[in-house]
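Shared between the two complexes below is chain A, which has chain B as its partner in the first and chain C in the second.
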Partner chain A sequence: MERTKNQQFFIYLGVIAVMIFTLAPIILLIIATLSSGQDLNSKTLHFLPSHWTLKNFTDIFTAGSNDASVPPFMQALKNSIIVSLSTTVLTLIIAILASYAISRFRFKGQNGLLMSTLGFRMVPEIALLIPLFVIFARFGAINNLSSLILIYTAFNLPFAIWMLQGFFRSIPKSMEESAYLDGVSSLGVLIRFILPISLSGIIATGIFVLLASWDEFMFASIFTSTYDSKTITVAISEFSKRGMVNFGMQITGGLIASLPPIVLALLFQKFIVSGLSEGSEKG
Partner chain B sequence: MAKIVMKNIKKRYKNSESLTVKDFNLSIDHKEFIVLVGPSGCGKSTTLRMIAGLEDISEGDLLIEEKRMNDVAPKNRDIAMVFQNYALYPHMTVYDNMAFALKIKKINKSEIDLRVKEAAKILGLEEYLKRKPKALSGGQRQRVALGRAMVRNPKVFLMDEPLSNLDAKLRSQMRAEISKLHRKLGATTIYVTHDQTEAMTMASRIVIMKDGKIQQIGTPKEVYDHPVNRFVAGFIGSPSMNFISATCSDTALKIGDLTFTIPKEKIEILKTTGYLNKKITLGIRPEDIHHEPKEVNDSNTFETTIDVSELMGSESLLYTSLGDSTLIAKVNSTNIANGEKITLSIDFNKIHFFDKDTEEVIQSTNQSKLISIS
Partner chain C sequence: MIKKIRPYVYLVPAFLVILCVTLAPILYSIFISFIDLTKNVHKLDNPNLWSFIGFTNYINVLKDSVFWNSLVKTIIFTVVTVGFEFILGLAIALILNEKFRARGLVRGLMLIPWALPTIVNAVLWKWFYDADHGTITGLLAHLGFTDGYSNILSHTTSALIAIMTADIWKNTAFVALILLAALQSLPKDIYEAAKVDGAKPFQRLFSITIPLLAPAILVALIIRTMEAFKAFDIVYIMTGGGPGGGTQLLSFLAYQQSMVFGNFSYGAALAQIMSIFTMIFAVIYIRIFYKDRG
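== the complex of A and B ==
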């Protein structure tokens, strides 16, 4: 159906309205990072700063090196990268093996296992915060990146297992049987067939896990108290303390923290969207 | 090229009371093309999967080349299987799909290349070798699946309803191609289908199954001409055989109010087996009923009104009734209208008798010998 010029006009009008609504905060964020502290703290509201500056960026990359009361942003960034990447890799390895077993093999308590992973997910994280802290503290595992990695992995696993077993189930079983007849082992089938065919699903799951652990604040803020172990979310929150609000640093930190997810999403959107399993069966 | 023997093979699934396959006995010769046929749920696919090693054998022995294969891993049985949904590897090109099993076996590259290209040539896939399965039509995918099995040069080919996802025209074309391929390669083939046409046209021997039990084993002609029971008689042949209640005295056959004279040999069968003057089921194939254009009044004709006449092109299917059963006739006349009153004749030399209760065929003893030998 051909659209008339009028219809097209209104459609674009709608699109523009939605775009402004979603993009305006980001544009304001970018403008704010380029403003001086004076502008950000002034009572009269400006849309554009009185003068442009890159001071926020130069400050944030040297944060903490001269003044011990300011969190070292670069260290926090590094911690966040380590924690979220390790969490993602660990979660994916465990989830791939677990969900392949659940989706393909029959064993006692299979459904119970699957339901209990889901049930675990239903428990609010905050309810587990204190017990987990006590446990980790007993083992002296506080202020340690690996404890964050463990906790994030535990909380992300149910979701990852559910996502992946759905993808694995959609792969026709006969394809695997065919591979067995061709002489491939179970693990070989997983590595040579299941992984490449469900690559899009695995990457999508991985990105969700990565974002969840990148964004996590609650556990990180309780489990870490030294700059060596604080992650970026905690560091950003600590730019403002009692009696001192550093909008410039906070906003700039926020902008930098939001870059990796955006870059990842752009890089992998092809995988997130496409379904590679097509064509194995009758199309 | 292998001999396969199945002795008392049974399959019981976990959590299932009954046997899915009950006591399957079959000996398959070199180069045979065996078709397992039956309605869905009759255990034919399960039997095939047990031969492939994809299902455990609960009881009995499977021998390939006189070696017991029950506990041998699928990959070591030297078999290739073609699946109903093709089961191609979607992330590999056609070439890689076909070469994969050979690569796993660590066969050298030039040999792989030779075999894949030869198979592609036979199957007409040469120009598609670089494509992924996604970019192929159903028929082409099916050919890739066949090619993948072919290049392995296996002892046994197993095919699980390989044509049922194709449209009718392509199906008959592929049917001929598979038959041709079998003649060319000469590999022992076991083929599962629910389509009696495929069974009749391709098989060297047909195994008809129902409820996990073999009903009859025989060449297409044998099972068509000498079905052992009502199920086989109804399953083989299209349209299905007509089954009509009748009683036969030593002079005439009575169906409803009509009486017919039938050949002496046929009466003799009933006489020796003690079915004279008892209710029996008569089996008449639609193609053994003929249209008599002129009004004749023979001992094997009857007059009837046609309920529905379906023109098939060179022939017509006529739906009418005889006694209290509906009757389908396949006749050469193509100008019969619905509701028309015509005369039909029955070729009583080709009729079958079945026991009303056991549904087994009624046959003289020397005839049954003939069947068991074949």
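== the complex of A and C ==
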């Protein structure tokens, strides 16, 4: 729609307001990570540091190496990478198989299954935290990255199945039917026809699972008490617990933890936006 | 025969994981909510010590003023944050749907708050509101809204407002992204027709755009309502439920009762009560989904 000059002016005013709203906190975050502890702890309002420093970054990458009361950030980063990547791969494999069954075969209980999938997606995490903690503690499966991976996989499955079966359903069945006539097995049809065509949907689903497991805090904080098993969200939360709050480290750790999801979101922008709208149409 | 069992074979892994890590724990949690575990969690390990006390745990929760305070705070938190996120998100989506320079870049930047981990968002806003060196605390003092630096997170009302602003900032982006995607898929010719009919911009917004966006709006609202209702991270980091229970949202109360005080029965009963609320949302959600599909 064409806009008059006057309308154009207000549109740009609106865009500028939106950008300030969106970016101001992020810019303040970046500036803070480059400020000295003295600047961060001063009681005067200032937006730029008195001098720029990378000390927060050197501090965080050596965290825990000479002070046992500070969680080692690098270890936590590694743990988070292991947990979120493993969760994503495991969730995708299991969800692809299940979505294939739901979208391609007719069987008893199909609708009920799909609806209960939606229901499981809505269970408040706290309702699972209590029993899972009791069970995992009983079996000594605390402080174990595999336990976190299993739990995150279970949490993400309903959502992943819901998304993927929607993508699979939108693929026409004609090609598969001729493949079946040629004697290709059902697993062969899945791998050779369905997976390549729905790759963008699978990537979108994978990114959502990856971001959700990278983000998770409540379970990680309860299920990990050793530095060997803590994830990045837990490490960041603990930079403040030991006596004084160390904002420099918390904020710098926070910025580093935000980079992978932000970069992924920007790189796969198209997938995410279509995934969000697909998700909002299909549930 | 093989044809009949084939779909089930593909479902086995998903079924096993959900059975063991979701369904069984839910049933176990319901079981825990009906037995007396006061002061001794280890009673769980020994079936001889299980004493079923019916709905006593639920009655204890419902008789507890702490629960009612928490429920009220959770409802305020949910209604206010979702309300603001909807209004701001819709406004942003409408602006970003216009034609302007660097539109792709601006739309891309909207993803940043959405992608920012919740825990980082909480840490960031806790720092903004810090009593001694927070940016917002400083701004409020300099602009004369507060008498010098004040401890925003240590007053009941201002602490609740503080955690709500943090949530609103991050999740407005989510609502804006969903509504923008829906706006882009709207047919353009309807607007041209309305323009010919002489409809004013605001009339177009309320009589055309919002009704056409209704499905996306409803889904965004329901997803946000359910998320806000179980908000936890932001409370844990920013206020720890304080001051004096001022920001003690339900998830945090259940967490505190079970994980901090070891009161698993109370926590489990409270979690079931929360699940009932969520089920109500779920029913609404599924109804809308089916109505949508016709």
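Convention: the second predicted complex is superposed on the first by the 257 of 283 C-alpha atoms of A that agree within 3 Å, B and C clash if a C-alpha of one lies under 4 Å from a C-alpha of the other, contacts with A are read in each partner's own complex, and residues count from 1 in each chain.
Please note the rule applied: contacts are C-beta pairs under 8 Å (C-beta built on N, C-alpha and C of every residue); 3 or more make two chains touch, one makes a residue touch a chain.
No experiment lies behind these values; they were computed from the predicted model shown.
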Quiz prompt | First (chain B), second (chain C), both or neither touched by A:261 | solution = second
Self-check item: Touched partner set for A:41, first chain B, second chain C, both or neither
Solution: second
Quiz item: Is A:49 touching the first partner chain B, the second partner chain C, both, or neither of them?
Solution: neither
Practice problem: Tell me which of chain B and chain C touches more residues of chain A. | Solution: C
Practice problem: Tell me which partner A:166 touches in the superposition: chain B (first), chain C (second), both or neither. | Solution: neither
Practice problem: May I ask you to decide whether A:128 touches chain B, chain C, both, or neither, giving the answer as first, second, both or neither? | Solution: second
Practice problem: Considering only the touch criterion stated at the top, classify A:64 as touching first (chain B), second (chain C), both, or neither. | Solution: neither
Quiz prompt | Which superposed partner A:174 touches (first chain B, second chain C, both, neither) | solution = first
Exercise. Kindly list the residues of chain A that each of chain B and chain C touches, one partner per complex.
Key: 106, 276-277, 280-283
Quiz prompt | Residue ranges of chain A in contact with chain B within the complex | solution = 106, 172, 174-175, 177-184, 193, 196-197, 276-283
Self-check item: chain A - residues contacting chain C, complex
Solution: 1, 3, 8, 11-12, 14-15, 18-19, 21-23, 25-26, 28-29, 32, 40-45, 47, 93-95, 97-98, 100-102, 104-107, 113, 115, 118-120, 122-135, 138, 150-151, 153-155, 157-158, 161, 186, 211, 214-215, 217-218, 221-222, 233, 236-237, 240, 245, 247, 250-251, 254-255, 257-258, 261-262, 264-266, 269, 272-274, 276-277, 280-283
Quiz item: Contact residues on chain B for chain A in the complex?
Solution: 14, 52-54, 74-75, 79-81, 83-91, 100-101, 104-105, 132-136, 138, 141, 148, 152, 165
Self-check item: chain A partner contacts - residues on chain C that touch it in the complex
Solution: 4, 6-11, 13-15, 17-18, 20-23, 25-26, 28-29, 32, 41, 44-45, 88, 91-92, 95-96, 98-100, 106-120, 123-125, 127-128, 130, 132-133, 135, 138-139, 141-142, 149, 169, 172-174, 177-178, 180-182, 185, 188, 191-192, 195, 215-216, 219-220, 223, 226, 229-230, 232-233, 236-237, 250-251, 254-255, 258-259, 264, 267-268, 271-272, 274-275, 278-279, 281-282, 285-286, 289, 292
